[in-house]
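What follows is a set of structures to go through.
Each of the next two complexes has chain A plus one more chain, namely chain B in the first and chain C in the second.
After this line comes the complex of A and B, so read on.
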């Protein structure tokens, strides 16, 4: 079944996909380490947010962060994004009229929003351990900064990866995505990295 | 001639492929290579040159696609089959083997590491080309940095500083990259190429190996080619300079951006080309050996064929021994390298083993060519026999694609640092980056 990206459903689908794959279990049997994916806001994200389904997916991801941890947004560029969208850290996201907000975003000047929310990102934390994806969750600003690997890039580039239009290695090699961490460890486990990204891009995305 | 017992258990398909390529090498490649060898450099690149006729036929046979992954339009060959094609082409002509080898570099790397857009724009037309319309080359060597380029990632930082600036500089400018500088006259196929897989140093780089790899169409503004050079050997593949004067390419034509992965890419690409060079070298050595064996069986001195003379017997056996050991080592290294670079695409082939394949086979080719020529005596010095050309080609191999000395030093570092490790260690790259970039 196709799911919206970004959304909680997509994260759940990813979790199921990885943990039910026998080949992944085998190639990643020795893998120990987590990833923090920093998905930076860009014009394409704002364009996609004009689609209520995508916007709902994005907001539900934010809503998956418990209220006490959401406090960490305060004073960060990510709070700037919420403010630019007419929301706040304290907004009860479940009550937001998604259709109306999507319409509002379509009327906004993307340059103004991007300027107000310069550096804003949606952070996802993926915890891999011995052939298993133990956890996939949205991270609040500052959380999991010590992850073994950090993958950073614009929303549009992550979208290409998720939709299978480009593979992770190509995006990292071409400099579209930045990878930080123990590169020696990464190179020793390229088969696991390849298999994971292959599984991720095999999830059908609702357009 | 050219039938021999193959210790690998070849399938019927393998045997057919080998025979087909050998026939092509015998009937088409070798005669054209002899003709080209005797032509002036300028004539070799004229439109009616035999070079283009043979190149077109190689394209028609799909030899340019052999190293592409199957899902990217490749021919789904095994590493052994790819090796056999290269050995047979190397047997026919080192120049043509090199030409079809370097043709693949910009496009195969674009297919494996480049964007979908680049694949559609540049790689697909190249894959579909059966007329020799597109021709790639590999721009590495520079006036101030020849084989140095190959050792840069394994050199001591203090020594690396002394390498100075690259002769080709690349700089990002908005959505484009701007390239300026010069590659030296030893770029194989440059005078006839349409595209270059280019290594360039980043502007204001902190160290020599801080570079990028890009695909540069050679018909765009600012690109100029030098005259084809007159070489001792390998005259069947024109070589010449490339000049870049504020050449602008779109962002997606930069296949490998500066940073850690440029180091991995350069290392792994050299693994792939080392296996190719190893196969060419075995093919060339075999060509020399077979010429010498044939001659020794027929040439009568002292009332008997010279093959009956003990000194010649010894030479022939030693040549055979060298070729056999080189062939199966290069095949094994190719199998390991191709599995990791082409099939699994994990980019973790073993540099020391791939380099050993190239270095050993090159040395074997020269030693065998030297002994083969000796068997011919004074006839070997005349142009009446092909051994004279093969000897010159074998001498060039000790320099082409990296001198054996630099390749050996580079491999030595990997041996000393990583011998016990059963994986590809990238510490040499991370250490260098940490040193210069902190």
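After this line comes the complex of A and C, so read on.
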């Protein structure tokens, strides 16, 4: 079944897909370590947020962060994004009229929003351990900064990866995604990285 | 100077301090996971760096070097030595000039053979191939260098220096004078930098095929499972020697 990206359903599908794949278990048998994916807001994200389904998926991801941890957004560029969208850290996201907000975003000048929310990102934390994806969750600002690897890039590039239009190694080699962490360890585990991204891009995405 | 034979007119002369120097070269390299067990190709003292093992193919043209102009084909296996160093073991290597062949074999133990090798640019594709003898196509590597490789990852695939390992072997005569040594050497690759300050490295889709396997030149024994990255680059280079790691 196709799911919306980004969304909680997509994260759940990823979790199921990885943990049910025998080949992944084998090639990642020695892998120990987590990733923090920093998905930077860009014009394509704002364009996609004009689609109520995508916007709902994004808001539900934010809503998956418990209120006390959502406090960490305060004073960050990510709070700037919420404010630019007419929301706040304290907004009860389940009460937001998604259709109306999507319409409002379509009427906004993307340059103004991006300027107000310069550097804003959606951070996803993925914790891998010996062939298993133990956890996939949305991270609040400042959380999991000590992850073994940090993968940073614009929303449009992550979308290419998720939709299988480009593979992670090519995107990192080209510099479109920046990878920070123990590269020696990464070099020993290229097969695991390749298999994971293959599984991720095999999830059908609802357009 | 390190000199080969004949003593009065050596086939190669290498300045030990400067190594073998190369200018204005270009190459394509494919880095891949290896499908099969390659432990029987590795000498004692080296083990695969990863599980599954990873390797690469390099096809280059050196427009100038201190051992002459030539083309080269290399198969490598990414390995770890007993000191924990990462590098590449060379099970198969081919060149197109006798000076490079002699220097590589005698100084480093690189198991070089003469073959027909070319690196061609046609339409939007760069193609490298290895034939031995001419017409018997062992390997074809095509790639389309369509994206600038601006990331740091290449520095980990081809670090400076990139360590290489080979087994220098001189068979004994009547049990005397034989030598079998694990030699660690290096390639110091200086990628060309364009006027914008960017390294001239491009990646893109690629395919490596073992067109026609040969028992005489079994390069196909390093089976390719997944091509992880393919790059085209322009560079200068220096080859030098690190140490003899082991006497067998």
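The rule we apply is simple: the second predicted complex is superposed on the first by the 207 of 207 C-alpha atoms of A that agree within 3 Å, B and C clash if a C-alpha of one lies under 4 Å from a C-alpha of the other, contacts with A are read in each partner's own complex, and residues count from 1 in each chain.
Throughout what follows, contacts are C-beta pairs under 8 Å (C-beta built on N, C-alpha and C of every residue); 3 or more make two chains touch, one makes a residue touch a chain.
Predicted, not measured: the structure shown is a model, and the values here were computed from it.
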Joint occupancy of chain A by chain B and chain C, clash or fit: clash
Touched partner set for A:165, first chain B, second chain C, both or neither: first
Partner chain in contact with A:1 - chain B first, chain C second, else both or neither: neither
First, second, both or neither for A:30, with chain B first and chain C second: second
Clash with chain C (superposed arrangement) - responsible stretch of chain B out of 39-47, 201-209, 291-299 or 309-317: 201-209
Footprint overlap on chain A, where chain B in one structure and chain C in the other make contact: 169-170, 172-176, 179, 183-184, 187-188, 190-191, 194
Interface residues, chain A side, partner chain B - complex: 165-166, 169-170, 172-176, 179, 183-184, 187-188, 190-191, 194
Complex interface listing, chain B residues touching chain A: 113-116, 252, 254-261, 264-265, 344-348, 423-427, 429-430
Chain C - residues contacting chain A, complex: 33, 49-52, 54, 78, 86, 147-154, 156-157, 203, 225-226, 228-229, 231
Complex contact set, residues of chain A against chain C: 27, 30, 169-170, 172-179, 183-184, 186-191, 194
